[in-house]
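Here is the structure we will look at.
Letters A, B, C and D mark the chains in the order given here, with residues in each chain numbered from 1 onward.
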Amino acid sequence: MTRFTRAGVFALATTLALAVVGPATAQERVKLINVVELSGAGATAGTQWRNGIDLAVADINARGGILGRQIDIVHYDTQTNPGNTRAAVQRAIDEGTYSVLGPVFSGPIGASMQIAQRAEIAQIVGGEAAGLTRQGNQFLFRTSLSQAAAMPKLATYLKETVKANRIAIVWVNNDFGKGGRDAMLPELQQRGIQVALDVSTEQGQADFTADAIRIRNANVDAVFVYLNEDESARFLLAARQQNVGKPMIGETTLLGARVIQLAGEAANGARGHVGLSIDAPVPAFQDFGRRYQARFGIASDHNGLKGYMAVHMIKWATERMGRFDRKGVADTLRGATITPQMEPGILITTRIEANGDLDRESFLAEVEGGRQVIRSTLPMIRP
Amino acid sequence: MKPVLQVTGLRKSFGGVVAVDGVSFEVHEGEILGIIGPNGCGKSTLFNCILGQLVPSAGDIRLDGVDVTGSTPEAMNRRGVSRTFQLLQVFPELSVRENLILAGQEHRGTMLARLFGPGDAGLTAEADRMIGFFRLSHLADAKAGSLSYGQQKLLDAAMAFMAGPRLVLLDEPAGGVNLTMLADLKERLRAMNAERGATFVVIEHNMDFVMSLCSRVIVMVEGKVLMTGTPAQVRSDPAVLEAYLGN
Amino acid sequence: MTEVVAPSPPPSPPVARAASGLSRRLDGVLLTLIAGAVLLWFLPVGMGRYGTYVLTLWLVTSIAVMGLNLTLGIAGLKSLAQAAFMGIGAYTTAILGTKFGVDWYSCFLLSGLLSFAVGLLLGFPALRVKAHYLAFVTLAFATLVWLVFRNEQWLTGGTFGIANIARPTLFGIRTDGALAFHRFVVVVTLVLALALWWLIRSPWGRAFLALRENPIRAASLGVDIRAYTLLAFAIGSAYGGFAGALYSPLVEFIDPSPFALSASFMLLLMVVAGGSGYQLGPFVGALVAVALPEWLRFTGGLYLIVFGVVVLLLLIACPQGILGLAERGWNALRARLGAGAAEPSR
Amino acid sequence: MSTPAISQRAATATHRTIVRTHAGMAELVAYIVAGLATGAIYALAAIGFTLVWQTSQTINFAQGEYVMLPAILILAGVSFFGLPLWAAALLGGLVFVAVFGAGFKIAVVDPMIRHGVLPLAIATMALAIIMKEGAKDFFSSEAQTFPSPFPAGAVDILGVSLSMQHIAIIAVAFIAIGILQWFVSRTRTGRQMQATAQNPGVALILGIPVARMVMLTFAINAALAVLASVLVSPLYLAKFSNGEVIGLFAFIAAIVGGFNQVRGALGGGLIVGVVDSLAAAYISSSYRLAVPLALLVLIILIKPEGLFGRREERRI
């Protein structure tokens, strides 16, 4: 409720400010439009992303904005529907957004990326599906590792640390889960790990009991859980209920603060690879996590971090150019390496590949006593 | 006279209940046959069996000598048998004229021809003649649902005659109709018979209506034919009196 | 029973309900369609690509709603699967276009044809079951179709969808631009709406109405219930397919989400909100569902709640939909303005 | 010479088969119990659904949201007003029954019912949007933990490990449905309600206060939704989007069991729960949802009155 009130007051204040000071001052501001899933299947992820952006905008504006200009942020809901996403991105461009932020789900990204490309405007997205950056789009940028980059790390972890030879995969049957699974299968095969059980689950699925029983009775050494946060928590709860008793291995989502909060004791023992995490041994991440919690009353997951970084990527590129240039943002970001020394809001050294993929350090972690504990830090793929 | 419709040994049971029990009769060209009987004697079930709304358990039905037992309602209608229903059965959202065009259109050409042909299937003139005949001209464009009960009964009957049928079965045409309208209806039906040579069978409760309209009357009791005769014969038969008044 | 002399017939309503006159003459519906098409041809000039896109999306949605309005509003068959047919059309066009290079016009016809055929098959349960049971059979069908879209990745691209769907070319003119494609859709929508106008004013339309009003009586008048039920389903579904064939090139990307069960619910909502059985109802209903949420965005994060409340209040105020309300208001107005003798018709 | 070896191998094989069969049986029982637990939730939702359908021909497309919302209201009571859980539960339950039982009937159903089934059904779709978006925007877009009134953990019964929570859900749901059955068949008010459900016209002639009875069914529907919500949320977490799946399965349960009977909805719920659980276990998991739907279509085509339903009289 409070969040809405705040958003409403903010919107009202912005409108009033614009109305009172008129166009002359409006030129001194920079308009950013975020197009994201605030309702429908992607609402949970999209809301985190929006919160991260709101926090970033507040931080940047408090420190004087970008090149002295305050940011006006507008959020457009896509209802997690490709047609609506396209409409919203079109609207954002028509209304003169400086760059497009979002969306997070790969389908809606696929539906809207050509528009930003045609308009030659940078689009900073939260999607992780491997295919997005393989279409030669020069204006699309990720905010996290692609699944194609994350899965080899996890497969190696399964082979060398967990020493698993037969595993079960539980994945959510949407673009996120399917993309991850499809990226994982060849990596596992390469390392001689057999997938003995392949369990597809529905987006928003509530009851994981049957899936848990299936896994309990399967002859596997470990379970790779690749679900969204809420479903990860439900699965862990069901698995604990059914005494599955097998190592739960995940990629980022499974070990997120949200999952630990929801699954409680059932999350203990879960481990795996983490791309972005507010529990990572990076002071900037932890500080972000505290401020996010304080402002929104919930723990941030990786989407909150992604949203925060997205705005700072734009800020960095603009300040680097020293002027506001829509097309220039994309040109500047491509191939750049941004360190926290250059831009504290980027939180961790990030290299942007020519195709829009990212490279960063990442972590191997485990949930212990209701906390995410980082076991080791994995270097960038091409440091 | 040659029979239009021959019903032989017709039987219909629902579970253990026998509603129509071995009924046989004939309908002759150009006559008005009445069927009377107390409530629940199987009159409506008989109609439903003849017209394909129900499948008879036994017996056969011949139309112009052709066996039509078990035909669908559509098929019976296409063979030239039409009917009205006991309860009001018009299309309330359609205008009076549209109701009549509908009643005739399926007898015109093939389905495809109807799709690409004129919207009224060339029936507006015929429908207006029928509306005039039943004295509904002032209501031709009114929605059927806005008509009074009696007017709807007239429309219902008019629809049954629209396609120029061999035979029309009227199920309680007088039910719920007030006296003025009743006289009107009777007079129109009689004119239909006299002027257009229509053959029809009438189920009725209203004895006066049947006796003054029909040339021949069948009395049904408990699913069986009790007697057949002229109105005068029926009126003076003690068995009929007992069936109606006795119990 | 008391006999009441009926009042003189009520004046025919402005929005010609299919019921009140089925002859093909220059009527209100026809005039509105043609005038509307002319208006929509020029409307987006200077509107920006977003406004144009929303207008086009509205028209495409209207086509799907027109089909459902035929099945449900005219013929009275409750279907919860219209979005699935839209999906069948959209995927047919996308797959044939991107994988086999088939031109859009063939894709469009094949989309309609395939939806027609599948609709015909789905019509068979309609012969056995009635009313809400039929709705639930179609509900199951819609979900099953969605599962196929999502799971059969080799054919449909699964959750990743199909991208880079080309827009059609007309007489060598490409319709890649927002305005060009919008005008293309205006023409296609007009052709489809006129075809439906013709259909509803043919004896078929009368038979469909009879099916809704009283199927048993209709059968006794020689109306082939079986054939007309199947046709009502199949033609309505074909319109869903046509809409899908336009949706694919409009968005230039499809994935299973716009064809989920909730989308079928929304299409049903549009039929009823616009005015079930009114020929212009689909345009009004689609306007409510497509454009209203966009307009309501000024209310901020709560716009979907506001949308829900508006629709709920609208339905409570006029269960016959917006055109039903318009017809009632118009009749009341005519009655008041007309000769004092005329009573307001109910 | 090779005989002993062979027989030994055979014996081992047999032994293995037995072990596997036993494991298979235990597995089957576990699936069935899990299915019964979710099925009991579907049954609670389906019973309210059929009651409301019988007395007022209302198809409630917001039925799933009815099960979603009470838990959210209770959590909101705790977090916004600082109430203790029991007080929040009581207050949330009462508010829900008042607003979505009585209020829903007065504000939505009464003005619309005479215009037929469809506009009202669409109105409930709009209501579902409002409830879902309201829960998301005014409370949270994230799942929330909901405290369980029952102990966690599992018990071993005859070598089958069963979840305590599942057993408790099944037990509570059955007790609630038992009380409802007793009320309907043994009390005066309950019998009046049943008469209203079977034929409102006749009930009116018999002097039964039909309007009050219809209101009662709406209140019972809302109360059952509160119960289902409290039972299911500790397992599934409370989230605005939970209603989508539960609503769909409540429909399927109501139709499979029979639209016009309490026992039909109960049976339908349990069957659908078990079928879904077994489908997840033994049939392709990506087509899991197709199995209950196929069952639905089959029932409608073969036995439209449902497995336990009365045949509705046909009128010509």
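Simple rule for what comes next: contacts are C-beta pairs under 8 Å (C-beta built on N, C-alpha and C of every residue); 3 or more make two chains touch, one makes a residue touch a chain.
Quantities reported herein were computed from a predicted structural model and do not represent experimental measurements.
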| item | value |
| --- | --- |
| Most widely separated chain from subunit B, with each centre as the mean of CA atoms | A |
| Centrality ranking, top chain (CA atoms only) | C |
| Pair of chains joined by the greatest number of C-beta pairs in contact | B-C |
| For subunit B paired with subunit C, centre-to-centre distance based on mean C-alpha positions, whole Å | 40 |
| Rounded Å distance, subunit C centre to subunit D centre (Cα mean) | 33 |
| Rounded Å distance between subunit A and subunit B, as computed from the means of their C-alpha atoms | 74 |
| Where subunit B touches two or more other chains at once, by residue number | 53, 85 |
| Overlap residues in subunit C, where contacts from two or more other chains coincide | 150-151, 216, 301-302, 304 |
| In subunit A, residues with contacts to at least two other chains | 4, 38-39, 41, 173 |
| Interfacial residue positions of subunit A with respect to subunit D in the complex | 1, 4, 38-39, 41, 43-44, 46-47, 173, 198-202, 204-207, 209-211, 213-214, 217, 229-230, 233-234, 237-238, 240-243, 258, 261-262, 264, 298 |
| Subunit A-facing residues of subunit C, complex | 48-51, 53-54, 57, 150-151, 153, 158-161, 163-164, 178, 247, 250-255, 257-258, 294, 297, 300-304 |
| Subunit C contact footprint on subunit A (complex, rising order) | 4, 7-8, 11, 38-41, 75-77, 79-83, 86-87, 90-91, 93-95, 106-107, 110-111, 114, 129, 131, 135, 173-175, 178-179 |
| Subunit B residues touching subunit C - in the complex, by the definition given at the top | 51, 53, 72-74, 76-78, 82-83, 85, 89-95, 98, 101-103, 105-108, 111, 114-121, 124, 138-139, 141-143, 146-151, 159, 163, 176-178, 180-181 |
| Residues on subunit C engaged by subunit D in the complex (per definition of touch) | 72, 78, 125, 128-129, 131-133, 136-137, 139-141, 143-144, 147, 150-151, 216, 261-262, 265, 268-269, 272-273, 276, 301-302, 304-305, 307-309, 311-312, 315-316, 319-321 |
